[in-house]
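The following block contains the structure, expressed as structure tokens.
For reference, chains read A, B and C in written order, and residue numbers begin at 1 within each chain.
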């Protein structure tokens, strides 16, 4: 379970305003909101890649902000993460990129690593791309390599920052369905940030909406679709008229 | 309206005089120094506590060493000529005798100039390279991805550069000194008719000079990657951020070289008087 | 202009073909800078450049570089004295300290170190700025508006860089001698007055000062040209900007030393 209380962060201008949020274990949580509303910053706070100005972050009963840098290394092993810009390592091949978390965090022999990498490549339909370098891939392909890298360690908590950006509608739906199926199979806790709201809402259990650094909605997917809040209604249904 | 006011306040802060600018620089310098110190301590910790990745180390030695060889050879070749020319012309005004030209030149080269000029060049080439590479990794979130995989960027990125730089700075300094001696010798012969045998006079080069020169190599070699990596890791924003991190790395590592030079030279003066 | 990813090309080592390739690259870069210089001179002759942009860049480059010039110069002066100390002690000629530190500072070290610092601070920054404008297509946008990017962006920056370096060298010369005088007192017990007498006793003349200043002008041209050239040639996003800055500082530094050699020979 992830629980955040009264989190504030400012980079000159406030990026998070008093955000409190609880994501139960095994939940697929969708985080939506316009650009620069603080979604990615929130994910980086939970993984302690950034430190908040005030507030608390608690994951499975551990106080994250009290950890030292060495404890954090162990703590972060709980997570798989797909970054907004994919963050593939330019200097490595696709297969090495996907295998990197396994090599760093656990003791596997190379044969087993290779098997798992091939399995992941197949799951994101990129079989045979293992020897390419990231710079030769299209945006959508990079995204899928990122997904493969985020899921390879079978981490109990996985964050996807825009898993479908730059993908065509069919592939996008396939990715969402795949991530949902894997999440259900292994009972992972997932937070997904996406602008593709229509497809995102077909797979989420709960939804939160951020606006200008504040969490203005938190509820089930059905609640979000039925919400009468002017901001939420406009954003979820993609209306042109409204306060946004 | 609010943003407008903010903008004009910003502009006012930008324009206000030299004192404010100096103050801002001082604050920036203090913050930078703390960052550099942090990176340095963590690098030392990882050097002694973690396995060293040999493949990464060799690749960095190639990057830092072999790829700087051409630049250093050119620069030191010209420097050797210029120094002997200037020193000879000036000495002729005071002393008629140029027989000690070579001896003094060799002494100065060993004690200071070979290391310091090579380090200034490396501060630009290696410093800019390290900051640009790490800075781009920061803005494309690759550094965050490393941290998510339990790979501290200081351990994974800075440590190999740190070790490679110490080794290669020393090696390059010795090479640079050699190049400068050869071109200096040729210039002395061609312009002032100083025989190479007279020029090659090691009587003024003491063990202490060699020790000071080598100390400088190690200090510069350690400082350049640490200072540049610190500015690369603190990159913020997109391509502008990478540009300014690279600039900061060049300026700060050049300053570090100059400051270390003064520090070590005056310490040596006190010790070996 | 973009170099291929370094990691992919590193392992193979073929010195001859590498040397040949870098020689061709060098020739092409120098040629392109020559063309850029021609374009700049043509617009300067017609006084066709943006005055406001010039003023803004003069402030940004000149005034903002002052602290770093001050620090570098003071340290440089002190280092000169520290290095001269063993020689002065050996000859026992304290009155020569001013002369020794003076000619080294004025003719070589002052202009050289100031140029290296300005190249790092201003040249690199300028390349980064032009590079960012290139990758974000702002240069193309200027062209689309029928604004000549050379006249609007490059000439003002080039002139500002040359002017900044010239003035900074003047400052640096004075401050370095100041630093040298007081570190001479501290380290050797040479009175600052003795130091100044050594400076002005006739062994040094206005010629030495002019020699250094001439050099600073030429260095400024080298820095300005290389930073504008590499800035405009950027491709490939944030990493491209990093590579351009890297190329700029390396080219400026090498250029400064090579040019120094020729100027030293020409001016004697």
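Just so we're on the same page, a residue touches a chain if its C-beta (ideal position, glycine included) is under 8 Å from a C-beta of that chain, and two chains touch if they have at least 3 such contacts.
For clarity, every value in this text was computed on a predicted model and none was experimentally measured.
Trainee: Considering only mean CA positions as chain centres, point out the chain farthest from chain A.
Mentor: In terms of C-alpha centroids, the chain at the greatest distance from chain A is C.
Trainee: Going by C-alpha centres, which chain would you call the most central?
Mentor: Per-chain C-alpha centroids compared to the overall one single out B.
Trainee: Given the contact rule stated at the top, which pair of chains has the most C-beta pairs in contact?
Mentor: B-C
Trainee: Per the centroid of Cα atoms for each chain, what is the distance between chain A and chain C, given in Å?
Mentor: Result: the chain centres lie 47 Å from each other.
Trainee: What whole-number Å value describes the gap between the mean CA coordinates of chain A and chain B?
Mentor: Once rounded, the distance between the two centres reads 41 Å.
Trainee: Per the centroid of Cα atoms for each chain, what is the distance between chain B and chain C, given in Å?
Mentor: One centre to the other, that is 16 Å.
Trainee: Give me the residues of chain C that touch two or more other chains.
Mentor: Each of 7, 239 in chain C touches at least two other chains.
Trainee: Going by the contact rule already set, what residues in chain B reach two or more other chains?
Mentor: Residue numbers touching two or more other chains: 140.
Trainee: Which residues of chain A are in contact with two or more other chains?
Mentor: Counting only residues that touch two or more other chains, chain A contributes 90.
Trainee: Can you check the complex and tell me which residues of chain B touch chain C?
Mentor: So the residues of chain B in touch with chain C come to 18, 21-22, 25, 59, 62-63, 70-71, 74-75, 78-79, 81-83, 85-86, 89-90, 93-94, 104, 107-108, 111-112, 120-121, 123-125, 128-129, 131-133, 135-136, 139-140, 238-244, 246-247, 250-251, 254-255, 258-259, 261-262, 265-266, 269.
Trainee: So in the complex, which bits of chain B are touching chain A?
Mentor: The touching residues are 140-142, 144-145, 147-152.
Trainee: How about chain A: which of its residues touch chain B in the complex?
Mentor: Touching chain B from chain A are residues 44, 47, 49, 69, 73-74, 76-77, 79, 81, 83-90, 100-101, 104-105.
Trainee: Taking the complex as given, what residues does chain C use to touch chain B?
Mentor: Checking each residue of chain C against chain B gives 6-7, 10, 22, 63-64, 66-68, 71-72, 75-76, 78-79, 82-83, 85-87, 96, 99, 103-104, 107-108, 113, 116-117, 119-121, 124-125, 127-129, 131-132, 135-136, 187, 203, 237-243, 245-246, 249-250, 252-254, 257-258, 260-261, 264-265, 268.
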